[in-house]
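Have a look at the structure that comes next, please.
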Amino acid sequence: MAAKPHRLHQMASVLSSAKKPRMMSTNSSMKEEFAKHADYLNQLNDKRERVVKASRDVTMNSKKVIFQVHRANKDNREEVLSKAEKDLAAVTEQFMSRLVKELKGNDFWKLRRAYTFAVQEYVEAATFCRFCRKGSLLDLKEINSTLLQLSDQYEEPLQINALDYLLGLADLTGELMRLAIGRISDGEVEYAEKICRFVQDIYRELTLLAPIMDDNADMKKKMETMLQSVMKIENACFSVHVRGSEYIPLLGTNDVDYSFMGLPDFDS
Amino acid sequence: YSMETQFEHFRAQMEESGNIRERIRSVASEIESALRVMHAGLLLVHQSLSAAEVLKKANAQIEVLRVLYDRLAQILSECPGQYYRYHSDWRSETQTAVSLLAFSQWLETGSLLTHAEAENKLGCLCFMSNELPRYVVNQVTAGDYDCPRNVLKFLTELHSAFRMLNLRNDFLRKKFDGMKYDLRRVEEVYYDVKIRGLAPAESTT
Amino acid sequence: YSMETQFEHFRAQMEESGNIRERIRSVASEIESALRVMHAGLLLVHQSLSAAEVLKKANAQIEVLRVLYDRLAQILSECPGQYYRYHSDWRSETQTAVSLLAFSQWLETGSLLTHAEAENKLGCLCFMSNELPRYVVNQVTAGDYDCPRNVLKFLTELHSAFRMLNLRNDFLRKKFDGMKYDLRRVEEVYYDVKIRGLAPAESTT
Amino acid sequence: MAAKPHRLHQMASVLSSAKKPRMMSTNSSMKEEFAKHADYLNQLNDKRERVVKASRDVTMNSKKVIFQVHRANKDNREEVLSKAEKDLAAVTEQFMSRLVKELKGNDFWKLRRAYTFAVQEYVEAATFCRFCRKGSLLDLKEINSTLLQLSDQYEEPLQINALDYLLGLADLTGELMRLAIGRISDGEVEYAEKICRFVQDIYRELTLLAPIMDDNADMKKKMETMLQSVMKIENACFSVHVRGSEYIPLLGTNDVDYSFMGLPDFDS
Amino acid sequence: YSMETQFEHFRAQMEESGNIRERIRSVASEIESALRVMHAGLLLVHQSLSAAEVLKKANAQIEVLRVLYDRLAQILSECPGQYYRYHSDWRSETQTAVSLLAFSQWLETGSLLTHAEAENKLGCLCFMSNELPRYVVNQVTAGDYDCPRNVLKFLTELHSAFRMLNLRNDFLRKKFDGMKYDLRRVEEVYYDVKIRGLAPAESTT
Amino acid sequence: YSMETQFEHFRAQMEESGNIRERIRSVASEIESALRVMHAGLLLVHQSLSAAEVLKKANAQIEVLRVLYDRLAQILSECPGQYYRYHSDWRSETQTAVSLLAFSQWLETGSLLTHAEAENKLGCLCFMSNELPRYVVNQVTAGDYDCPRNVLKFLTELHSAFRMLNLRNDFLRKKFDGMKYDLRRVEEVYYDVKIRGLAPAESTT
Amino acid sequence: YSMETQFEHFRAQMEESGNIRERIRSVASEIESALRVMHAGLLLVHQSLSAAEVLKKANAQIEVLRVLYDRLAQILSECPGQYYRYHSDWRSETQTAVSLLAFSQWLETGSLLTHAEAENKLGCLCFMSNELPRYVVNQVTAGDYDCPRNVLKFLTELHSAFRMLNLRNDFLRKKFDGMKYDLRRVEEVYYDVKIRGLAPAESTT
Amino acid sequence: YSMETQFEHFRAQMEESGNIRERIRSVASEIESALRVMHAGLLLVHQSLSAAEVLKKANAQIEVLRVLYDRLAQILSECPGQYYRYHSDWRSETQTAVSLLAFSQWLETGSLLTHAEAENKLGCLCFMSNELPRYVVNQVTAGDYDCPRNVLKFLTELHSAFRMLNLRNDFLRKKFDGMKYDLRRVEEVYYDVKIRGLAPAESTT
């Protein structure tokens, strides 16, 4: 916890004692010190490798969860979502737990580059499942409380930080765009409009946040993609709306039957 | 409204870490100023001032640095566990700091600074080795023919210690490659001095 | 001299594979020519020519393609195990070929081509789905009000079959995203036709 | 072996039978076919993941072998090199064997991008060991015969191709440059000159080969780095030579004592 | 001593301009914060809030901006003739500011903001046109079928006015080229509404 | 002295070709100005001005262009055999010129401009096809329901003609690929008009 | 009409600043030509021509430059307060100019040019330091063993003076970092001369 | 039918120029092969083979090149006035060719190759200068202490000759800037040899 500032105190103490020489010029003592450094570097590299490998597993399996959720339609919703949630739980228990095990204390920020994409993908999958289930945003606190359960035996449990959460959320909007187009095809126009408002809200909120995030180059790029997604949903909703509003002299009726849109009445 | 609340919370978090970052940068910039003065002082060693005079100038800055590092440690202690989050904001200054301290301590005692964080320290040793060829050349020009042998001995040991490490293809490996050339250059000066019979007889150390 | 011998051997190898690549590219370029003619023929479907006429033109090229693919297979059989080494040299032509075949077979029989390599085939189905909205729009313009329903049924099935796949974030996923829009467009045309009472009564298939 | 051109024959046969429709339009048959595709894609992705992971292990451990070789000097040569060779054998047996197992048949070229850097690094390590041991170039045939022993139970054993071998060789010259500078410091000037000639030979031979390699953008970049390495060695040899040739009136002698160069006579 | 005196003089000069730059950047960063809030407020217009409500949120920031721009003007007045020296430090913020002001004024009055530095303003007007296609789409979805015609009229005029400028400035030309796509999109939305008989009858202008 | 003589000769050669290039660029820049005015005039067609009015504005620039091209021809005639040497300095302007001429001739006569250098012209025809979807959309909005059918006929023919070329040139191929989208969009507008019974009955041609 | 009026005003403003920029660029290009001649003259110093001869050639261009800078000042005086607006159009030429002037004055008097805009001048001094190692190497080859000590003294002073500046400017900082290598190289040449007993005895200054 | 006729004409034109380009590229690729062999041969000069031996290997390729250039000239003569149209297809090979010829002639005679197209040749001479520093270093290592002075003289002259050109061409200017580093390196090698008394006494020129 306070492990690191302590190193800085050490730095300060070296500074105040710089005049009292610590003899270390014999060959053997230098060798000894470097043997320790060699150990440290080897261990750090090994750990980074393990983190990278666990991250690849998290990424790949989170992607599978997302594909699974996309398989849902009006008829199979419950079954498909349950499977997706089960798979997500498996990702958490099998692979996120490995990350949790490695990333204690300072390694969390130090090795962030090695795992950040995996955590983002995991956030994407988890929030996507939740939206499809309840239509609401799974918040970071809840995700982190799930992770907490994996790591009660460690003193400093891995907690996803707000940055990775927000980056994952940005990707979520891409999946929601796909979902919205699919829902319209399935005749669920109101669901699509709900997605539209949800994504507009996220986009607006992130407009305020993106510029003040750490190292926000990635986020900037994602904001552009997100705007494209928002507009795709808006355009799809627009298209359904004008088509549905068309005054059809032939039928002589002007009422809008959205449920009729998109859903072909096949003998399926 | 839940989404708004969460984002409001994030906004507060980001603003807070933005403030911390700003405070860290401001301290880092003061550290940098102090280091510039210290460095300018140490560089006089290449103009053959005596080590004692050089060190007096350099040491004057050490107290300044101590206070600044206390302030930095104070800020970091306010955000436990995030040491590496802000690392890039004070890393390069600290590398320079350790380098200069190591160099001035080596000038004073011929020994290496102990107790520094591994990666920082390794980078600094490389940096320090970069200064040594220049030091040796200027010392010989000023008539100190004993210097090359000592520096060479030190650098040879340092180089052989470094070889124990498995470095990734990164910053550190490049620096270490550079050290080979520093070593070569010091050897050449030693050779020049030796072949002309200018090197003093070796004392038994 | 050993090093020279080995490199001489590599040189021979590289020259040989260079020759194979050149031969492959030459066949691929002939394939591309034949496909252009076939494609131009198939495109007439958008100008509301009858399927029979369109297919006659397209099928004339199939024999040409058969001969060319035999030649390609012959070349590849000369370098066993390196199928994927030269893959990029004939991949895109083959994707177009399968796409056009699939499209013309679908026009003829309403069924899907079987027996094609998985990745190739998936890409081609996406490509084919891209042509369908245009086809439907032009058929309706020409007075064929039955078409949208059939195409929609087919495309809906295709889309739902595709959803079974776990795609990486690559070329195929992008194509699949596009298929959603094709489906939407065909639905819209079906809706336009239906709401105006133009769609014929459904036969029980 | 002839497995793939066979697919093309199949393509040709599809072409010739295009007029005989194979009915497949029922929903269930399409589902069936796509279930097979889904299987295929899942398996391919899983295999790619396994190859990537094995490749990271090969890379990391090959790098360690190279560092080990650099630890050799006049005094500890035999011991250090033996350890490096043992480590290399371990890389071959533990990690290359995993690659060998995965990359049968067509996957060899298909997944090349996933493992090429690892194989290059392995070639670099193996040829570096050999040069330090015998001063000669370990050829591809010999490397491949080692791999053959790992895979006698499989019908199509993994054989490193000339491209990856040559790319690895290009990296080898960087290590040889480091070695040469180190050898001069250790007083082994003649050894450095030998390295110089060896690297000049490789560079010259690769000048002929690089432009006709498949997809040679990487190789082009490596050729530039290699030229820098060649020149660094040449400059170091030049420097030793002129310094050693200097006429020293004070000593009144003109004979060149290379062995005196560089090697400090410490009581080490 | 001459060289020292001269460098002392340089040091003073650089110190001074460095300080001014720092003060400008600090104001610019506050401006950016205020603009962020204003922008997020204006985005609500796409979610079918009434213009009045949207403007109330946006206008709250205008007073904040006024104060900040007064502070900026104050700093610049301290270094007469150097307006363009520090221009790059507050230019992009000012472009955003003018864009948002122009957009909110247009929402309020349907007319263009007047009085601003030419190049700055031009870039901003282009930028503002980016919001219009989205606005039109969402308004129609919300049932306002009159909107496309009005926006199209405004955008066509704006585009014609731009055409008359000789845009040598690359940045501006690129922005302007983008405006073409906005115009096209609005034309299409108007077309979609019109062809379905949804557009209200035009009043006689 | 030989080396000096040779370089003196080089200097003269480079000086000369540098001057020619400068003169060409200056003419090219005037051509660009004239084209901008002509383009602005032609764009009014999207605001449903009558073709006659639009053409009057455009044609005024044609004489200007004629004079400028005479000047360009004059310069090129001074360096026989080097037509292609300076091609890149006036190519893109000439492509725009041919595009605008082709578009204005099409507006006037419904037929294609003849007589122009092959590659240049082809690129321009593609470019011209880009304007047609916008033209059709705006004409229909303004109540001209006959327009889509005519434009579609023309574009279909143009597209077929292109298909027969073996486009090895990458730039051209890309432009041509874009034409497909224009065709598709015009087909859709025609569909919209037709399905609503707005299209006038076809005369028997 | 208001929008038109406003844009007419913009057009005029942009036209005017475009013209000024063009005039400035034309002068800058003439300055560049004169500097090239001057530079070629100064480079002869590396071929061990006497300083007097070298300076005669260089000084011939100084009058040319004076006239050109008068013209530049004239243009800038026409747009008061916009000095920095067009700065980038003549900045790099002016840096080269100051560099060459500083170098030729140093050759003549061994002292530094005074009176120039701070940032510009500093960049130039760094640039000038780049020529010194080459100068020293060639002088020693030509047998002038006194040169290294003088140059080293000058460069050491210059470097110390720079150290005292707080270089926030990135461009300048980079240039200055390069100066370190020049200093080091001159130190090494001095070392070579000294250790071989070639350096003349130091006079007591 | 007019549009078809016109496109038929286009097709023929493009077919023809496509064929010519293909033939040129095929010759260019053979030239490249021959140059590769010649280059590898010339590289032996760095391994202290005698110039005579090296030249024998290189000259064997010259005859091959002569035949290939005859074939190229033949193709170009079939399309008069279009020399520059296809220039880019054989330009870079010709630059390499001139470089290698210039280098081998210089090895043989110590003088410059004459008679070649200006810009091509200039680029090549710069390129050739790249080999000289390496050559000088390796010659000295092999004991030829006379070499640096000769090469330096040649390179200095070449560099001066270049300086007189007004290099507007960016490619050339960049190459030329690189030449400065070659010159500098050769000066340093000469310095190293000279200061150690290894350079033979200069003959009286």
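Residue numbering begins at 1 within each chain, and the chains themselves are lettered A, B, C, D, E, F, G and H in the order written.
The criterion applied here is as follows: a residue touches a chain if its C-beta (ideal position, glycine included) is under 8 Å from a C-beta of that chain, and two chains touch if they have at least 3 such contacts.
These numbers come from a predicted model, not from an experiment.
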What is the set of chains touching both subunit D and subunit H? none
Roughly how big is the turn, in degrees to the nearest 5, that lines up subunit C with subunit F by CA atoms? 95
Where the CA atoms of subunit D average out and where those of subunit F average out, how many Å apart are those spots? 53
Give, as an integer number of Å, the spacing between the C-alpha centres of subunit H and subunit B. 47
What positions in subunit C touch 2 or more of the other chains? 164-168, 192, 196
Sites on subunit D at which at least two other chains make contact: 27, 45, 205, 208, 239, 243, 246, 268
Where on subunit G is subunit B touching in the complex? 156, 160, 163-164, 166, 184, 187-188, 190-191, 194-195
The answer for subunit F against subunit H in the complex is residues 2-4, 6-11, 13-15, 18, 80-85, 87, 111-112, 114, 118-119, 121-122, 157-158, 161-162, 164-169
Report the residues of subunit D in contact with subunit H in the complex, numbered from low to high. 197, 200, 203-205, 207-208, 211, 231, 234-235, 237-239, 241-243, 245-247
Name, in rising order, each residue of subunit B that touches subunit D in their complex. 149, 152-153, 156, 159, 163-169, 177, 180-181, 183-184, 187-188, 190-192, 195-197
Please name which positions on subunit H make contact with subunit D in the complex. 32, 36-37, 39-40, 43-44, 46-47, 134, 137-138, 140-141, 189, 192-193, 196-198
